[in-house]
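Both complexes below contain subunit A, partnered by subunit B and then by subunit C.
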Partner chain A sequence: MTVQTARPRRTILRRIVSFLVFIVAVLVVWEAFKLLAGDPIFVDGEKIWDPPLTVWLATDVNLPHTWVIWNRTLAPVTSGAKESLGGYLIGQAVFTMRESLTGFAIGGVLGIALATLFVHFRLIERAFVPYVVASQTIPIIALAPLIMFFTGHNVSSVIIIATYLCFFPVTIAMLRGLRSPDPRALELMRSYAASRRAVLWKVRFPASLPYLFTALKITATASIVGAIVGEGPGGMQEGLGRALMFFSQQYAISPEKLWASIFVTAGLGILFYLAVVGAEQWVLRGRPQAAFG
Partner chain B sequence: MRRSHRFMALAGAAMLALAACTPSGSSSESPGASSGASAGGSAGAGVTPATVQLQLQWLDQSQFSGYYAADAQGYYAAEGITVTFLPGGGTVSPQEVGSQPNGPEFSLAWVPKVLQAREAGSDLVQIAQMFQEAPTLSVSWKNAGITSPADFKSKKVGAWPFGNELEVVASATIAGLKAGTDYTRVEQDFDMSELIAAKDGCDASATNCVDVAEAMIYNEWAQLLEATDPDTGKLYQPEQFNVINYNDIGTAMLQDSLWARASWLAEAGNEDVATRFLRASFKGWIYCRESPDDCVQYALDHGSVWGKGHLAWMMNEVNALVWPSPDGIGALDTAKWDQTIETATAGQILTKAPTDGAYRTDLADAARAGLDDPIGTDWTKPTVEVTPGGE
Partner chain C sequence: MGAARPPAGGIRVNATGESGAADQPVVRLTGVGKTFGAMDAPVVALADINLEIGRGEFVSLIGPSGCGKSTLLRLIGDLTDATDGSVEVNGKPARRARLDRDYGMVFQSPVLFDWRTVEDNVRLPLELFGHDRASQDRRASEMLELVGLTEFAKRHPYELSGGMQQRVAIARALAFSPSLLLMDEPFGALDEMTRERMNSEVLSIWERTGITVVFVTHSIPEAVFLSSRVAVMSARPGRVTRIVEVDLPRPRGLETRESPRYFNLIIEVREALRAGDRAGAASEATLASPERTAAEGGIG
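Here is the complex of A and B:
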């Protein structure tokens, strides 16, 4: 994804600065839109600003003021609670993260195993790949009750859903990756009379890594989606899925709670994605950029 | 060589992550979710301990505080029962979850939707009727002029999915209106924003509003009154709305009853477990009648993130649905059952009246025997003030 430059620290700094500039720009546009077309602003019951236009999207219910969201995040999650809304949401995010990481890891291992199997046994590949593809056409909401039926209402059902969303991209990308080595490299190994295992270990796996990471970047976020979707029917007592459900019910009276939850959920996704990118850069360090991306 | 080492390191890290996250966080382990065995002393002699699940009708809130109280006060433990609460909400249909052969032993659900499930083959049997009154309202702005289901004509009518819409839909059918041709049925969000959006009228082509919204008297009705009018900066007032209460127009249907599978009840010893479960639950509701503030706290302890003000309103309204119970807590008023069936069949929710066996009263009667004041004759509904934002 990125080139290792001679001055990596400066690159990182530049990225951080451009990210911050982007955030500030979003906030400015957000508030400008509200000033122009939102609801009147009251201070101590006095109307201090009446916007010239009225646009449904800019009302306080649909787009709360950014400072309202921020202040709500710092305020107690429920009246009198010691924990702030932000602290509560981070706690729920940790719970969801554990579910999704587990699904991510199992899905990844399953995907790699399936691809390795398929690449060595054409017959199995031809027999099973259609089913692997077909499995992904079933909507997860249709499958969730079925999974609950088999596992009961507990955390394993949530992990199965996250795994289900994760294994497919890894299988397909790894299959491609394991077939990607230069034919000359494979011929060379054959001329050495290298075993299948040696070819797999020394040529195929290393060549597949860039493909694997592309898939893992997809599954990093997919695993979170799977965990959140599964938490509702799974009857979880905790997690972001439950928090999102709670706060969407409170949207009419305090929309800022749902907005805060959405930001934390997005933050979790970004964090997970960046972790995979970091791992990728470490594992693939020294490789030419053209090999992956 | 080096590359394969990296792959190994990566695989190792993945395994480690897997090992580290293999969940210990199953739902039953979170604090407050299961019976504290220490809380209520030891079970009586000769009682077989039992572990059961209770599927709730919705997300954790004071609607279920009677059961939380039975747990926190040790009533379940005293009966030798460990209860795990399964929260509902979103796409969870308690009648479907509870119908599964390996589903929870007890489910809390509304009568008409369980009867629908029974028509589809479920063997759920009602063992106790908790709410004596139905809480469903249809709320609209005064200026829309909707005071009865007949006024739904040509309007956008909000109702929830998953069997929570049946009173609204059946009442419209009884008023001679057909969804799609006479009125537009809108699958309502789980909050009141669509009704708030209709304050200055709801255009037929608009997608963000409904003319009339379904509301529970203990929850969404309060949400409306807790919301601030952006034009005035003040809370909305009850006088601004027309409220259809289905109890008043005779098409109310019973809600919040406890159900168990007939096949489960038929197994040796399970009727006894059910009776003990009911006895402890009834005691929990008596506790919430006497100490509503504690019961608000129990809902918070169970992870509800509603504000205390909202939960206090809900507790008060729910108490008013349970108390007084003229025939004793958990008793089924057969006249109201008959009204439910009549509404459901006339409203084309059910194809025909259910045959015998959809409910039994013997377990609740046995559970109630010997309880202290199971009627609540002297209970009068206290006044609970609306708090801004439900805080």
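Here is the complex of A and C:
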């Protein structure tokens, strides 16, 4: 009858361990593939390993050794520069994170506000929801240059793109969450002669929180995608989007730079996602663990 | 008025300074009717209901499913509107009484909020009514004591059994001292043993608080055991066909359930239900059950 509520510390530890195991597994598979089908390995000009197979994908240009990528992050970003590639990428990641966080926040607030409006005014919902849905059928790639054209090549246009990707999942999930209370719960509030505001604060909002967090987990990563798409084709001089664009042009010469940028970007996404999960765990503490996405 | 009952003592639930005279009925239904559906295909759920419920009475509404007993309760609570007649609570129109928070409601499902502790669930109406924190605390702990759940105050509803959850719902309904308690098949989902225990608890709460109770049930033994009067209803259209006075001595307990008079009353209610059913069968329509319509067409 009793439901497990407190997530034990051991479970968190197990999650961290399983994450590390996953990372190690990826590295092992990566290097095993290289050993099997990559380029020969030289140490001090002497060939110490000649892979039995040759697969184009596993060559040093297409799939550099993991340690080569790692060593490259410690080396200067361009020859003669003071800053290392790793330091440079982290700086760009912070820049991108500011944009995506802003888009995430504005998109979240906008989504919550729209859903709250829709749940209270059927007419507005009927009038606007089709357009909200239609807005998402336009690929962001197509829309980004247009937004850039209107607002200029600056941070605000990147934030608009990130917001655009974030508000929709939040709107839809919140609409569902705000409608999730049992009709009896609403009757109970009616029996108390509770105001609409009281119903919203005491019943609808608390009931919608699990739905909201499901959406925020999606938008945490979507906001980064939005920011990068905004930076890359938008011609921004800073940010991971710019780094990814720039280093992809140098791929034939130094593929490690692009790979390092991809890892930093992925790391940023994971970090953001985990922050949302952490917030979810804290906000929904004490609730049953059922069916939270 | 109800049969002889011990004086109310211990925990006070009824608010002082209630509107209306002491001998004024708490609930007065005059020619009440309820019709669902569109103009071209109306479904008559209730027709010409006349019933007065005095202060301190325990009245059960019993009848076959689809007789509109839950709809009648919802009319008293102004959770739905009557299409005919008048519904008065404490001498006021039902809407006014709802806005004055004259009644507490207990549904078949406990309708507790998982994100609140047991204590905070009981506190909910007091928060809404703007009571200060100290009186919320005091009142919540009094109510949990009344239903015997003091030690579960800090737990969450899903950690409790069905019977305990329903006790929390009762504590919440009584927390703001309403003069009327409306209960809609509150123990319908519980097993027989738990249900009998809950019946005794409700009686004991009723005796201690002096509150007026309107209780919807489809269990004949439950209605007889609890009530001072049982209103027997028939379906299509729903009407009150008979009122059975229950003169079993109080306080009632295990020996009540074994007394010959108890069994005789059960037979009386059962025969009244059958008589109503026969009368109703004559006018049986092929329409859908109005009670279902009520549940599904409820507020969304």
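One rule holds in what follows: the second predicted complex is superposed on the first by the 284 of 293 C-alpha atoms of A that agree within 3 Å, B and C clash if a C-alpha of one lies under 4 Å from a C-alpha of the other, contacts with A are read in each partner's own complex, and residues count from 1 in each chain.
Definition applied: a residue touches a chain if its C-beta (ideal position, glycine included) is under 8 Å from a C-beta of that chain, and two chains touch if they have at least 3 such contacts.
Nothing here was measured: the structure is a model prediction, and the numbers come from that model.
When both complexes are superposed on subunit A, subunit B and subunit C fit side by side without a clash. In the superposed model, A:202 makes contact with both subunit B and subunit C. When subunit A is checked against subunit B and against subunit C, the one touching more of its residues turns out to be B. Of the two partner chains placed around the shared chain by superposition, subunit C is the only one that A:192 touches, whereas subunit B remains out of contact. Contacts of A:101 after superposition: subunit B is touched, whereas subunit C is not reached. Of the two partner chains, subunit B is the only one that A:155 touches; subunit C does not reach it. In the superposition on chain A, A:271 makes contact with neither subunit B nor subunit C. Rounded to the nearest 10, the angle at the Cα centre of subunit A between subunit B and subunit C in the chain-A superposition is 150°. In the superposition on chain A, A:45 makes contact with subunit B only, while subunit C stays out of contact range.
Of the two partner chains placed by the overlay, only subunit B lies in contact with A:236; subunit C stays clear of it. In the overlay built on the shared chain, the residue A:248 is in contact with subunit B alone; subunit C does not reach it. By the document's definition of touching, of the two partners only subunit C reaches A:183; subunit B does not. Here's the short version: in the overlay, subunit B gets within 6 Å of subunit C at its closest Cα pair. 202, 206, 209 are the residues of subunit A that lie in the contact sets of both subunit B and subunit C, per the superposition on chain A. Only residues 77, 79, 98-101, 103-105, 107, 109, 111, 113-115, 117, 124-125, 127-129, 156, 158-161, 298-300 of subunit C touch subunit A when the two sit together in their complex. Interface residues of subunit B facing subunit A in the complex, by the touch rule stated above, are 1, 3-4, 6-7, 9-10, 13-15, 17-18, 21-23, 25-28, 30, 33, 53, 55, 59-60, 86-92, 96-97, 100, 102, 104, 189-193, 196-197, 208, 223-224, 226-228, 230-231, 233, 300, 302-309, 387, 389-391. Across the complex, subunit A meets subunit B through its residues 39-40, 42, 45, 47, 56, 59-61, 77-81, 88, 95, 98-99, 101-102, 104-106, 108-109, 141, 144-145, 148-149, 152-156, 159, 201-202, 205-206, 209, 232-238, 242-243, 245-255, 257, 279, 283.
Across the interface of their complex, subunit C is touched by residues 1-3, 5, 182-194, 198, 202-203, 206-207, 209, 284, 286-288 of subunit A.
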